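Here is the structure we will look at, set down as structure tokens.
In this document, chain identifiers A, B, C and D correspond to the written order of the chains, with residue numbering beginning at 1 in each.
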Amino acid sequence: MSLPKKAILGILTDNLLNRGSVLPLSDRTAIQWSDGLDIPRGGETVLYTGHMYQIMPYLGTMANRMKAMENSWITKFMNLGRFVNRFINVSRFMAFPGKNEKQTYNNILRAIALLLRKGGVKYGYLYEDELYSGALIYDQGVDMALANHARRVRRVFEDHGVRKVITVDPHTTNMLRHVYPEILEDFDLEVQSYLEVLADADLENAEKSNGEVMIHDSCVYARYEGVIEQPRYLLRRAGFTVKSPELSGALTHCCGGPIESLFPSRAHEIAAKRMEQLRTMGDPIAAMCPICLVNLKQAGKNNDEVGDIAEFLARALLEVPGPKERVTA
Amino acid sequence: MTDMVESDKNTRPSILVFATNNISDPGIDLAGSSHMAYPTSVKVIAVPCSSGIDPRWVLHALTAGFDGVFIAADGTDCAYLPNCTERTGQLVKQAQQLLEKNGHDPRRLKMAAICSVCAESFVAHIESFQKALSNM
Amino acid sequence: MTDRRIGAFICGCGGNISDYVDIEKVRDEVEKEPGVVVARTAMFTCSDATQREIIDIIREQELDGIVVASCSPKLHLNTFRAMARRAGLNQYVYNQVNIREQCSWTHTHDMEHATDKAIRLIRAGIARTLMGHPLEMIRVKTIPRVLIIGAGISGLQAARLLSTMGIEVHLVESAPEVGGQVASWGPLFPSGRSGKELVQTLTSMIEKDDRIHIHTSSQVVEKTGNVGEFDISIQSSDGKRTSIKAGAIIVATGFQRYKPPQGEFGYGLPGVLTLDEFRDVLDNSDSGSIRYNGRDIKNISYIYCVGSRQGSNDEGSHSYCSRYCCTAAVHTALLAGEKQNPLHQYHLFRDMRTYGKQELLYEEALQKGSLFLKFPDEEPPSVKASNGHLEVALKDQLTGGEEINIGSDLVVLVTGMEARPNRELIDVLKLPVGKDGFFNEIHCKLRPVETVMDGILIAGSAQGPKNVHESTISSMAAVAKSAGLLMKGYVDLEPFVAVVDPDLCEWCDDCSNACPYDAIGKIEKGGKAIAQVTTAICKGCGTCVPACEKLAINVEGYTHKQITNMIDALAKEVV
Amino acid sequence: MTTVNTVFIESIDPRFDAAACMNCGVCTALCPLEIIPLPRMLFREVMLGLEDKIIENEDTIYSCLLCKMCEANCPAGVPIAENIRLLRNYINSALYGLGR
């Protein structure tokens, strides 16, 4: 027996409609990463996290619990869960990530912010006004709920007079760049991923060689958004020798993440299969999507095996502590 | 040993093939263009139409030393005659009677329709005809 | 012995022959043959340089016969005939021996025996040349007038084009009106113009044209003469006979529609129509809806290949593809979709053959929601009536053999073409037809639209299923061929015809009876009756040869003497 | 034996577009999940209005990764990922009553 799709999708949908996100975070959790960075509030160009990195530690632990539930008696009570969820945020009780985990993901966002700053890019941040993009709901085909949510997101941009958005993950990039213009009339924000922005920015090359890195392309970046060359270019400038597995670029292999919430076991099988392909050389692996990152990390042996591309770039270009240690402003 | 057999197969039994300029000769050409193999003891004379093959030529071929005669007819594809098959069939009958009268096994004459793309079928016919001739 | 001076030239074909046949040994052997005064090998005999060398040798050695042993005569017969002419020789003293396709290429593993065979084949070529003699092409005067049988789209096009070239045309049509089947058709792909319009345009041009004479309600009843000057009698429905002289004949009698027997895919049930019948329903429906028998039509199933690609290869079977029907059905579905929306259309096919530009039409139909379901050849769909509806059941191969039931308001049988029953015309013209009943052209690529009867050409779907576009293309080819024939004022024919030996002939009429073309008659010569061949009519098939007990009739190039000498040469051992 | 259901066909979002599919099978061959009826057979079943088949394949429809490995390599350019999304949308609203 698989997880009851109706109940799970129901919870996610209800959350988006009632609380603005599939897995509602407190404002504090969402903006904590920016502490001490002194990013200006608002502005024509904003760095837009879309909450993806912030949600990941919660999603990861929740998926693990769900996997345990997949074949258990608890699944029977999922419908009840949906009912209760309307009043109490059930997902909060299901996911209690550790402090270290939260810090890892926050540090990635800090690294991105600092890299942009180093490249001379001027940007603001919407802090607690920022909203989740609705990517998961869109993927699951709950289009009506998404349309409402997208209108809310647009209002936030309009209120702040935003003209250009710099995104940090492929899913939010795709939502804002391609999906929103489809479902909203006259939605014409300029949307670029920070990888694209950095590739065009004025970054100095690393002075020394930093060894080899195996790149894992995101399906959405590579096949939806055509972002393939930029991450490689940036890693090379940062002094890495970039290796690609057999299935890479436009032929990249999925990490399994997108079905994490409904079919966790299947998702983990796919992640394990992908890890096998990436591991052939024994090099550290660079992911560029938070969903990939969380899935591959889970399939990996230890936390060091897989890192976010921003962590690699930060270590090489920012002269600040690497992925394992805390990045300070 | 294999060479011997190969070489024997190439010299005997010998077959004279009457083919037609427009249809079956191009079919036999195609066997060559496709590098299909048949024995060198097979030799072809092309004529306009199989309905013009004289039974006396068939007898002459066996008298001259050929072991068999194969008529590669156009069948219903013949551009000259709608009833070419019938006519050629009639000639084959006459020729077989003539062979018998002169002390030859009538089975030494065989006819089949070979079209302009019938390369494989030609080679197959030749093979089975050679086998049959060897057993006579 | 012989006083002939023959040259034998053996080609290595750049290794295609010389890798498998010892051509030097062949030359040494062939050189010893009686009559051969020179034997040479060359790497490429067909090259300009070698041809020039051969021409020099022909002149120096005063050769009177040449044999080239090389590739198949289908490739280079005319090359070397032209070479012979340039050397001042009659082109018929040249013979080509095939030692490539029929020797080196098929005996690649036994050089010794391949070489032996090559020697024998060339000896046979020499024997044929020794017994041969110069021949002249048969020149026949031509009248600049063409008889076209059939005034459908092909015949009308041919008439119009011939007239623009200054050639007079007699257009004979068995129906009371010109225009044929296309005249009753609605919009056609890709122009969108209706068949009716198309025919009207052509007809109005033709009716004004003084050079074109139209004979409706008329049949061709008799034909004598030969290419360049045929005598044709036509008879109108009121019994009146007219005789016409023409230099060439174009047969454009078209096709007839396949009519399914009762019960084939439910034909006969209310709502089961042929494609033509459905086109009539469409043409008569107002826009906004399709109505049949007082009902709105919402679901249509088309069953393809009805009357096409059926049965074995037997006489009268429809084993061929009718070419036009896939496109016609798809086009019809698009027209139907314009009339009524939503309309669910299901196309049950075996293979979609909307080739060439017609593929665009297929894509459009896909985009507009037509669904295509492939059924297995051996398991055709079934149609049955149930509660005033039709149910079509099939096994859809593309969903892995799913058995699917489609409730349909109409079932349209996409019927093909079949040959018209032209028995009388076939008898009059003596034209060969294929087992499918359509007229045979000599070769679909090398000599399309030509028949074995010189001066008689076929155009349009009389030759085989064609769409309107292809029909008019073929009628233009027939126009080009006939105009090419007639505008020169004469025509040269190959001289490989039957000849009678007046000394041996004792007129028994066996040869004349055997001749399928009525080319042999009786004349008095030297005080006795003998057979005489009308060379312009004779096709050189040789059917008369085995009929003559006295060996008195021969086909030039294939005489008894030549064939028996060739057999002897092939049989003779190579020492 | 399944019967074509035209009501179902008309209830699928009109943006669903698998018309160009020629059943070459590249999608099936490339799927990281090795989901056999996806997407070509499933899409045919949708176009044929075989509603039972769609419900039978509910799990399959939701387990697609939307990774577009198939779509990026589809020689006919079928918008496979979008089609899957629209099928989810159909099930969400018709069966689960979501997003209303």
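Keep this in mind: a contact is a pair of C-beta atoms (placed from the backbone, for glycine too) under 8 Å apart; a residue touches a chain by one contact, two chains touch by 3 or more.
Since we're looking at a predicted model, the values are computed, not measured.
Asks: Using the touch rule from the top, work out which pair, A-D or B-C, shares more C-beta pairs.
Replies: Looking at contacts between chains, B-C has the larger number.
Asks: Which chain's mean C-alpha position is nearest the mean C-alpha position of the whole protein set?
Replies: So the chain nearest the centre of the shown protein is C.
Asks: Which integer distance in Å separates the CA centroid of subunit A from that of subunit D?
Replies: 27
Asks: Per the centroid of Cα atoms for each chain, what is the distance between subunit B and subunit C, given in Å?
Replies: The answer is 26 Å.
Asks: I'd like the Å distance between the centres of subunit C and subunit D, where a centre is the mean of that chain's Cα atoms.
Replies: About 49 Å separates the centre of subunit C from that of subunit D.
Asks: Using mean CA coordinates as chain centres, what's the gap between subunit A and subunit B in Å?
Replies: The answer is 78 Å.
Asks: Once you've mapped the touching chain pairs, tell me: line, ring, star, complete or other?
Replies: Line.
Asks: Quick check: in the complex, which residue numbers of subunit D touch subunit C?
Replies: 1-4, 6, 9-10, 19-20, 23, 40-41, 44-45, 47-48, 50
Asks: So in the complex, which bits of subunit D are touching subunit A?
Replies: Interface residues on the subunit D side: 32-33, 58-59, 62-69, 71-73, 84-93, 95-96, 98-100.
Asks: Applying the document's contact rule, which stretches of subunit A touch subunit D when the two form their complex?
Replies: Result: residues 2, 5-6, 9-10, 13, 138-146, 219, 223-224, 250-254, 256-259, 262-263, 266, 270, 273 of subunit A touch subunit D.
Asks: Quick one: which bits of subunit B touch subunit C in the complex? Just the residue numbers, please.
Replies: So the residues of subunit B in touch with subunit C come to 6-7, 10-11, 14, 16, 22, 25-26, 28-33, 35-41, 43-45, 47-49, 51-57, 60-61, 64-66, 76-82, 87, 91, 94.
Asks: Which residues of subunit C touch subunit B in the complex?
Replies: 72, 74, 98, 100-110, 112-114, 116-117, 120-121, 124, 432-435, 440, 442-443, 451-452, 496, 516, 539-546, 551, 555, 558, 560, 563-564, 566-568, 570-571
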